[in-house]
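Lettered A, B, C, D and E in written order, each chain numbered from 1.
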Amino acid sequence: MAFWGIEVKPSKPYIHRYDNERGRLHISQATLGSGSSTKKSKVQCNVGDKSPIYLCSLLPEILETCTLNLEFEEEEDEVTFSVIGPHSVHLSGFFYGETDQDKFGD
Amino acid sequence: MAFWGIEVKPSKPYIHRYDNERGRLHISQATLGSGSSTKKSKVQCNVGDKSPIYLCSLLPEILETCTLNLEFEEEEDEVTFSVIGPHSVHLSGFFYGETDQDKFGD
Amino acid sequence: MAFWGIEVKPSKPYIHRYDNERGRLHISQATLGSGSSTKKSKVQCNVGDKSPIYLCSLLPEILETCTLNLEFEEEEDEVTFSVIGPHSVHLSGFFYGETDQDKFGD
Amino acid sequence: MAFWGIEVKPSKPYIHRYDNERGRLHISQATLGSGSSTKKSKVQCNVGDKSPIYLCSLLPEILETCTLNLEFEEEEDEVTFSVIGPHSVHLSGFFYGETDQDKFGD
Amino acid sequence: MAFWGIEVKPSKPYIHRYDNERGRLHISQATLGSGSSTKKSKVQCNVGDKSPIYLCSLLPEILETCTLNLEFEEEEDEVTFSVIGPHSVHLSGFFYGETDQDKFGD
């Protein structure tokens, strides 16, 4: 397992691509970045050409952090994380690393 | 594993049917959709003809996201997700994919 | 796995009994039922003759849903869920179903 | 697995000792006890002679319940749970029971 | 498994180093330390020379505790936890201990 963390900034989507060595991505937590705006920030996820889905909605000074339990193992599709709102959002979690199946095949 | 996400809209229930290839569905998170109403939205689940059960209740500007840990593997019954309230709710999670049991039988 | 959901109503405790076929019960979520009272509702659990334990406390218009992670596999004791407060509470989760141990013995 | 639940009262610490038969203890939830004080209650944990650590902080009428995910398998040390604040706190979870390792050795 | 808990104080980062005997570290919970300031405290994590990531943000008298689900098994890199804000933050979780792989090699 290896720690994973990114800061997704407004109007700067982050593209995640799967690779065998790092393995499946588990996202555990979302936390609001710094800034003085009182407006909410939502994290949105696009997988390939599917419609966008909100993963969480964080509220400054009310709810600035939340647990997530999401797994990404899309071998073909790109996964895009973006933020809707004035604050950036820090996402953290971990890679599972190479599974036995990866090492030894099916 | 494959990412799963839907937006359940008021008065537009979403019907989920199990299939072996996608496998068991894990629902991890619920997040309030956009909109200006200050009224709460509840997600309700009907499995077959059993009575409806609230899965979560989200409050605009107070609690707009929550973790879930629900699993659906109903081979016979339809599972219907619906929203009670003015806001849509985005549900996200993942499919476990085919298990060994599916591939090789009992 | 099979979805499990009940609505525990004030002064109407719900008695859960273990059976091999459904297997262990996992309770994942508690959500406040409908109603206009602003008073809190707590879910209480009695296992056999042990003293009652609060499992969660939900606050109307403030915190109406919460994650739980409780497991029940009591083969001898009855497990009683009851609500203290004016609102009913919806509990949801799943049964693990028959384990190999149940099928083939120790 | 067997349900576990205690009410930790102010100035009445609870001492937990590991035993092979019950096995590892998983603590899943903390919920504020009854009472009218508006002051917070924190749950504190001392393992052996290590410094005390806060496990959670509950706020009356704001946040009266929270999920935990803590495991205790200390074979030598006593584990002491205590409450700092006017309200008692109900802790709930489960024992894993005897593992194969316990039954058959390393 | 063995309980793990630290108090990370403002301007006193805590450095975590992996060792085979204790094994992988799971962090389950963050709770605000004592103090009268009404300002938030964020927990930040630096892994090796990667950019810092916020793990959570706690708000006095509003949200003083939150669940985490983070795993640390970095064999080369140091992992540094620090607090941004006036309150210390208590982190708790557990070590998985030596895995079979550690004992018997690949």
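The rule we apply is simple: contacts are C-beta pairs under 8 Å (C-beta built on N, C-alpha and C of every residue); 3 or more make two chains touch, one makes a residue touch a chain.
Model, not experiment: these values are computed from the prediction.
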{"item": "Length of the shortest touching-chain route, chain A through to chain E", "value": "1"}
{"item": "Superposition of chain A upon chain D: rotation angle, C-alpha, nearest 5 degrees", "value": "145"}
{"item": "Euclidean distance of C-alpha centroids - chain C vs chain D, Å", "value": "20"}
{"item": "Averaged-CA centre spacing for the pair chain E and chain C, given as whole angstrom", "value": "32"}
{"item": "Interface hub residues of chain E, defined as touching at least two other chains", "value": "62-63, 66-67, 69"}
{"item": "Sites on chain E touched by chain A in the complex", "value": "24, 40, 42, 45, 47, 50-51, 53-59, 62-63, 66-74, 79"}
{"item": "Complex contacts: residues of chain D adjacent to chain C", "value": "1-3, 5-7, 28-29, 31-33, 61-67, 69, 90, 92-94"}
